[in-house]
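Each of the next two complexes has subunit A plus one other chain: subunit B in the first, subunit C in the second.
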Partner chain A sequence: MTTLSRFEIDQPGSVAEASQMLGHYGDQAAIYAGGTELLLAMRHRALSYKHLIDLKVIPGLNAIKARDGVIEIGAACTHRTIESSSLVREMQPVFAELESQVANIRVRATGTLGGNLCFAEPHSDPATMLLVLGATVWIESARGTREIPIEKLIAGAYANHLAPGEILTRIVVPCGKSNHRAAYMKFQIHERPTLGLGLWLETLDGGRTFTAARVAVGCVSPFPHRAPVAEALLTGSRAEVEKHLPETAALIADGADLVDDHEGSAEYKRHLVDVFLRRTFLKAVGLRISS
Partner chain B sequence: MKIGFELNGKAASLEIEPRETLAEVLRARCRLTGVKLSCEAQVCGSCTVLVDGLPVSACTYLAYEIRDKRVTTIEGLADPPGRLHPLQQAFLDHFAFQCGFCTPGMILAAKSLLDENVHVSDEEIIAYMSGNLCRCTGYLGILKAIRQASAEMKATWKENRSTS
Partner chain C sequence: MLAIGKVRFVGEPVAAVIGADQLSAQEALDKIKVEYEELVPVLDVESALAPGGVLVHGMDYIGGAFRGFDDFPGGTKNICQAVHVEWGDVDAAFASAAHIAEGEYYFPMVYAYAMEPYVAVADYDSKGQLTVYSSAQHPFMVRHDLAEIFDLPLNSVRVIVPYVGGGYGSKSYTKIEPLTAACSWKVSRPVKLQLSVEEAFLTTRSDDARVYIRTAVDDSGKLIAKQATIHLDTGAYAENSPMVCRKAANRIVGPYRFPHVRVDCLAIYTNTVPASSYRGLGAAQITFPVESQMDELAHKIGCDPQEFRLRNLAHSGESIHPGLRPIDADVPGDIRLAAETLRSNGPLALKHGRSVCCSCSDAGAHPVTLAMVHVYADGSVSVMSGSTEIGQGSHTVLAQIAAEEMGVPLGKVRLVGSDTGVTLFERSTGASRTTTLMGRAVMEACREAITQCKSMAAELLGVPAGEFTEERGGIRHGKDWLSWPEIIERYFQMEGCGIIGRAYLRRAGALKAVPVFWEIGVVGVEIALDEETGKISLDTLVTVGDVGLAIHPAMTESQDLGAATMGLGIGLFEELIYEGQQLMNGTLLEYRVPRFSDLARRVELKLVENHDGVGPYGAKGGGEGCVNPIGACLANALYQAAGVRIRRLPLTPERVWKALQEQKSQAPASQRKPPAAPKTDVTKTTA
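This part shows the complex of A and B:
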């Protein structure tokens, strides 16, 4: 058993106070949410801090609310809270389903959405789908609040764009209306996914033609990538879109910065993108998937 | 720091260090060695205990987190005269273990599943239990045991409903 090195736990009363604590302790402190990533990294001495600032004691950060066609998810909500939320299940079922498949029940019961996004582990499910859904995030500090698109939060593998003292407080997810079709699928044989693919389609005629599309692939490269060039091929009549899926998949793979790693070679991941684009498309339009 | 919590139905309090994990505290200080440590990376589930009814990996979960909460370990499952919980009995009936190292975690995870929804399908059992690994049994006995316990607990659930 490897014991953790000594640290203190600080309990801020507000986000502003937590931010001041970060400012005061500097490199000696980190935000502590579920600890599922942080404590592992500290046990392996990859990270070391004298102060953990417990985000979970700040009131309000674990709420989920609906407002003008969006849902706002507090950064300290656990994956379990999100997957079981009737609001999320009703307003953005694709995201509730995704959350129910993150990690295992113990990680979901403690790990938070905010921690998942801030840690920017390349094999994140929510980051990929939030990109496709056009989510934004609230960043707060003692200096004020800013709202940025999710793609401006993640900087690379294990890197985010938060300035010192900044805290992620909310994830704002626009919700699908009846004229949207969305799906997320992942391929996973280890504890973290090898590939995740998210797709969002707009249709005004019940799925015969698509007027807008967003697609992103994650886990296959240091951070999830949207593929604007491929999105053009996902609009038009359904027959046309379906016919072009192999080309679309190739464009997604070209733009995704695929890497060779222990999950497989870049070439293998290119193949997975092709297979999973088709499956995700069929799932989004409501067809059974036969492989 | 001093923390108060409920341990297997009884009030408890302890002086802890912030860095102590729940597994360290339960095993070394409370002598509850049914909490097993294996991967220490949130993967295998042998260290599963329930906190307010939900499973957590005691290996990577700070004891600090159990403040004012209910903790259940395998030692707290049988009722005081020693009658086994339906899940414990079902694991025996179906030989759902060999070495037994994964068993406390398996039973506790299954308990949290059945406490939440006793009407589970095989598919739901498999999805929920997928984070608890067993190197010995091949899982079929475990699935059968959970199915049996679910049937029994359903019967009690119906009885309770008709008497209340």
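This part shows the complex of A and C:
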């Protein structure tokens, strides 16, 4: 039976110390924030580290707080913590619902949101939805702290834009408002989703017209893509938006860099974008989905 | 054990490291650098059969007693086994047929996932005694192989199999035991070898099957002829695919009356993971084409598929294979029961489809089963059984039989085994045989113990045995009642004493005719189709277990549900995918097995008990049948729901969607409609 190689767990007392450790060990170390993906990759020899720096023991990194219309989620919060947080359920229910559907209960109880985003597994549910919710992330290191939009964090499949020594410490999610409509849906046959589609709409008249929109699709390509060109077609009267959904879906698919893989051909994924854009739209505006 | 000179598949062991603990063994393993010279691989059946192609082996397949086959001189053609079944005049029958259906079907490579991967502990001691604890299904076969490999007498090899965490065929025959034993021999210490799930994926799989089949009817809709060619991709080593090959060829006839049959089945070597038993042993592979084609042919002649089956099914007592045991089951009744149960769902909803399919397997394998029971003076009983408890519940059922026979409470019976050093010979734990054969052996062993007790009682009482009567648990003589334990204690005048009853079953008497019994699989499904995504979900599942007598009904039903659920996996999403010589999805992350969420909204598990088996009290085996028909059930129900016929499993959403796209592109919009063929509910039957 293949087993993990020897490694050490380092337990820093603060983010600054964790950052120092990263700088000290260089390529020999990785941040350990749940390990649901990392340890699997290490067991299969896809990755190898002598040191794992345990983010979960740093005080405060597993807190969820509300502040000025946003929710701040500590990077070491588990999916389970987020899905059961009354704060998230109240302030951004669509994200709480998404978190309750991530992988399975064992992964949710151990895996963290920060770990999920930094590991950048192409089938991440939260990454896709955070793109459309307009989330930002805080990145800390000895050089200071910077806040960047989530788009700037994910670089590709299994790749992020963190510089050496930098640590993702919190995820900032704008709260939902009564004039927002949002939904996330996924299509899943295998252990990981085949497609995830997130949609956010703003309406000033109870859903008759939409003044702003964001849409993103994940799992179908190496990393989740927002589709700014398509978003223009999601504003305007509801009838117009609905009429243009097939065209909108085509634009989303065009921009998503669809790939053929074991989850399906690019052609099938293009079709699924179309099906799930309509379903997600209907779910977001609160209608029953037929079929 | 290890590849010598040539590695024939990715996953074949090339070196073994023995360490004091897992981590140091792993670190030593990481230091081994293997240099491979790349050879041209044979990756599919077509290239394996191509003239002048590369040979996987330069030698012929060597059979043997356990394999039940003669040696097969196919080594020069990448063919490890060829089976031909023929009766009647097939060519003439097809020439005179009123209608013929024909087609090619594909059943995928799948993995019989069990929660416990392979594990063995071997202790080759300095006195030449080899003791192996193993997750093997068939301990006596493993003993045979170890004795041959290490040139040891049978009494020097002891194979002990504790509770096993599932096998479904994947743990039949010998796997990692010889390598573990060799390692123990090398270091003169006990050695444990435990595979991960990923390594288990690279140890064995099912044969995939390309099946060409054609079926003919006369103008009254009566089946007259079947012809089939089956190509099994057997992988790099023969293991027991030669047996799968034999069984697939037999079982493709189904439970139908065919005057004319010709079947050719080849097991073919390729450079992939060796194939082996998979629940159903060849029947799952061929029931998909057989029962798909039954529906296709019914539609072609404008007959309701169930009606068509009922018209052609063999009834109890009728022969389907010349020379074999006549059918010992009520297949038409089973089909009606499944259909009636499905029909109680009410009218068929839009985008829903229903189907009932069946399979018929020559089950039980070769009947050689020996058992003994210890009956103790304190009233307890031990059953010594060489059958492996692998989650199917045989320890419970065998204990029930012993309790029934000896007239003691179930709690007084304990199972011992399987342990080749202690329990008597049992050929195998498979082919659904345990209740039928070991159950019968345990029953006979108990009766033999009772016969001994009666002689003792006659001596104790000083009367002929005819003067007392046997009553449950003992004898009555006038006003006196003596239990079996009392008789034993009084006879020996010793506490703590016990006697042995034994039974030797072989192919003779009631077990002379083969198969031991016909295992029937009858399944009904109703599916719901999401036409937009192509995703099929199971609305209703009906299983019918025609088991003679369900000695433990709840476990019998669970076996049927388990088998059907395994079939559902192959039907909807399971498939091992190769790219070149690499298995691409050999992990549970990428290879999807069924989950609770895949189960049907409505599950009905029916048992049919006609006491028509040769097992104890008329029981027959079960547990494999319901895996076989599911693939065809799903394909037929899909046809009813959407009018598309798919001849390849699994019916993945993308595959279904593509078929629907193709259908749309072929038919102008005005002609688009659900299937023309089934005018009525396919589950409608005549009483």
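One rule holds in what follows: the second predicted complex is superposed on the first by the 291 of 291 C-alpha atoms of A that agree within 3 Å, B and C clash if a C-alpha of one lies under 4 Å from a C-alpha of the other, contacts with A are read in each partner's own complex, and residues count from 1 in each chain.
The criterion applied here is as follows: a contact is a pair of C-beta atoms (placed from the backbone, for glycine too) under 8 Å apart; a residue touches a chain by one contact, two chains touch by 3 or more.
All values reported here derive from a predicted model rather than from experimental measurement.
K.L.:
Please indicate which partner A:35 is in contact with in the superposed arrangement: first for subunit B, second for subunit C, both, or neither.
P.N.:
A:35: touches subunit B, not subunit C.
K.L.:
In the superposed arrangement, does A:268 touch subunit B (first), subunit C (second), both or neither?
P.N.:
A:268: touches subunit C, not subunit B.
K.L.:
Give one of first, second, both or neither to describe whether A:80 is in contact with subunit B, with subunit C, with both, or with none.
P.N.:
Touch partner of A:80: subunit B, not subunit C.
K.L.:
Based on the superposed arrangement, let me know which partner A:106 touches: subunit B (first), subunit C (second), both, or neither?
P.N.:
First partner only.
K.L.:
Of the partners subunit B and subunit C, which touch A:5 in the superposed model: first, second, both, neither?
P.N.:
both
K.L.:
Just to be sure I read the superposition right, which of the two partners does A:191 touch: subunit B = first, subunit C = second, or both, or neither?
P.N.:
both
K.L.:
For subunit A, which residues lie in the overlap of the subunit B contacts and the subunit C contacts?
P.N.:
1-3, 5-6, 40, 191
K.L.:
Give every residue of subunit B touching subunit A within the complex, in rising order.
P.N.:
Within the complex, subunit B contacts subunit A at residues 1, 17-19, 21, 23-24, 37, 40-43, 45, 48, 54-57, 60-62, 64-65, 109, 112, 128, 130-132.
K.L.:
Subunit C touches which residues of subunit A in the complex?
P.N.:
Spelled out, the residues of subunit A in touch with subunit C are 1-3, 5-6, 40, 44, 187, 189-192, 262, 264-265, 268, 271-272, 275, 291.
K.L.:
Sort out for me which residues of subunit C touch subunit A in the complex.
P.N.:
Touching subunit A from subunit C are residues 22-23, 26-27, 30, 117, 194-196, 198-199, 530-533, 535, 573, 577, 584-585, 588-590, 592, 652-654, 657-658.
K.L.:
Going by the contact rule set out above, which residues of subunit A touch subunit B in the complex?
P.N.:
It is residues 1-9, 35-36, 39-40, 43, 52, 80, 103-107, 109-110, 191 of subunit A that touch subunit B.
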